[in-house]
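Lettered A, B, C, D, E, F, G, H, I, J, K and L in written order, each chain numbered from 1.
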């Protein structure tokens, strides 16, 4: 019986002019550029802005979790 | 330092036989037919009805916010 | 596959000196006087005022949903 | 024992460049320009925008309740 | 005035490697294989797992409601 | 000091054309037809449908808890 | 401009073998036996116990608010 | 390793004709008149009444926590 | 059919330097010193303070319910 | 790109006279007696009963998720 | 149609001995010292500590959102 | 009257094969390896994974708050 890995969750908002789905994927892709060991995401809010009678930006707030390796500074996301 | 614009939020439910995305877009488009100055939306609920073993209507409840101009009656959405 | 009807939800508080049930029914009846195509209701809050050691008004906040016809102004509830 | 008044709740967002307090007051004052019989308000969300290292707009979402007189159209806020 | 039908709600999580939309549809389709009289669904949670810098599984938790016929055992979903 | 009984909670929606109260009682009575050892209920949602200017069905979603005996299959409600 | 009255809210659970309505009324009546200046109540939870295939006790948790007079000890409800 | 102090939380609603801030401060000051060892507060609700087109009472519901000394009756707030 | 017992719920925060479990038990034991007829508890919040790189106090907020006998003052917890 | 597994979530309440931890473990162990492919759990509520001045039963409500194999009846938990 | 900017939300708690308003402003000002492109804030919790019969620190928890430029490490707030 | 310290809250998930308690402690200990001035924690979610008929990992999501010194970059956790 032992303590396992620690994970950190950062909150990101992805945006897309096309769809809610693309806003989710964009935020995850952006996180993946600089964070290793991404593990899961949770959708926390779906909203957006409207212009010209249609949504121009879909905005999805995500919690994105990743494993923190033992040598890493958790204050560094 | 001053008071800024007032916004009103109406609650609409869009429906689509195709997708959650289209239900969102449909509600916004419908709002745009008669409301000026639409500004943002917030997804509040995603649900739907099932018929014949599949969703036949996706229903998305949205709060839709718009700026109320100074001469307008806020009791008029 | 197509976009379906749009529904609007208005928030009303019914009140009754008799019961929670009557407060619900009163709000729906009041809505029906001026809104066509009422479709469903959701109870959002049950509260009331007390006078003389008993509830004198039961107050029930409802979301009441109705179908918006194509020619109607959604800014008109 | 009888059915009492019906109240309607509209959702407004007040904004102020000065304070949360002023954003609340501004939304109520705006509602009062066109709605009679205003009765109570409920704060539902406090947020705002940031520019130049400080909040430039405080935005407060309020539910504002008012009594609907018997002859009025509840679809008219 | 009478008691109407009773409905049961089961909680399922659909998963898809493609989209949130497909995860919803997959869970409903799976429910339809063994449950009759499916009536509605409610989205309760949207999350997923990440692998290789992108979501590999979108996971949507749904409440799925169906009518329970009079002769049926409600302990049988 | 020991592990005690396990309880299972099923989610049912009762409906009544008469009252919220009857919708609650109907769902419990329906559960009692096929589930033994019913122990408690929790009201999770009160809503309904409207037809002809009045509620035609009151719908109450309940969590209904019951003790699972040691020989029983918890996958059987 | 001045500070107004302070109100205290106590949480009580009323119970009735007959109905949700009676459980609400019973809790208020009980509060009124020893608390002066009762002002309002808020329903926070509706649940109950089941025996013999029917609800034997409806239990409603209420917040009950009352004005605290200036000479009173707020630690005394 | 030991059990520490126990704290009690009472729920008060402060009111002010001037501001949300003053309603908070008023409720704390009122609590301090008769409760020793006040430790923290949590804002739970901000609402108010409207008269003459403006808020006449701001009402803030607070949980107020205080340490219960060993000889005290926790049933005495 | 009759009105049953009334219960009161007080909110206490137990604290322990050892564990969440002990903080729960400590709050209940403290309540039992001066309150008769304790009946149930509900965990509402788990938090704590950190000192020297570890939790020094686990703090658990509980609602603790007890039956109010007919002769008692409910304003006395 | 394809639809993945479907999971079902059942709601169980475990109980223990010893600890919150044991109540969690007991509910999972009980589920494991008759459900295959258990995958995860979510704690939804922690409460309990009090007798003789101490908790006599800790009760933890869990959502327990498991994979539904393709040949299985999801109406069978 | 394209993916738009990604935003990150950090959670800060501002504190002030003077007012809730100043605690909000202080947290935003502190964030602005080291974070570029601050865009919006959301109030998540208002609480504080009490000493000498009055609030000595007002504490406001904010989510503060800012745009992440393309070359930046999102693990760096 | 002055602005006080700013605190930052990071969200971590601790895991343990032994207990919920150990998962909490592990996450705090991990945070303490690289973050100074840790001040408090809040439990936000308790869940876990199941393998072989028992929980193999208890996972607890915590908000962990710490004071940000004046010279520090808040974008560095």
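As a convention for this text, a residue touches a chain if its C-beta (ideal position, glycine included) is under 8 Å from a C-beta of that chain, and two chains touch if they have at least 3 such contacts.
In this text, all values refer to a predicted model and were calculated from it rather than measured experimentally.
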Chain pair equivalent in interface to G-I, over half of contacts matched, among C-F, A-L or H-K: A-L
Of B-C and H-K, whichever chain pair has more C-beta contact pairs: B-C
Whole-Å separation of chain centres (CA-atom averages), subunit A against subunit I: 38
Whole-Å gap separating subunit C and subunit L, where each centre is the average of the chain's CA atoms: 44
Inter-centroid spacing, subunit H versus subunit D (mean Cα positions, whole Å): 25
For subunit A, residues contacting two or more additional chains: 10-11, 20-21, 25, 29, 33, 76-77
Touching residues (chain side subunit E, partner subunit A) in the complex: 19-21, 45-50, 53-55
Interfacial residue positions of subunit G with respect to subunit C in the complex: 20-21, 24-25, 28-29, 32-33, 38-43, 64
Residues of subunit C that touch subunit D when the two form their complex: 10-18, 22-23, 25-27, 29-31, 33-35, 57, 59, 61, 76-77
Subunit F-facing residues of subunit E, complex: 1-11, 63, 65, 68, 72-77
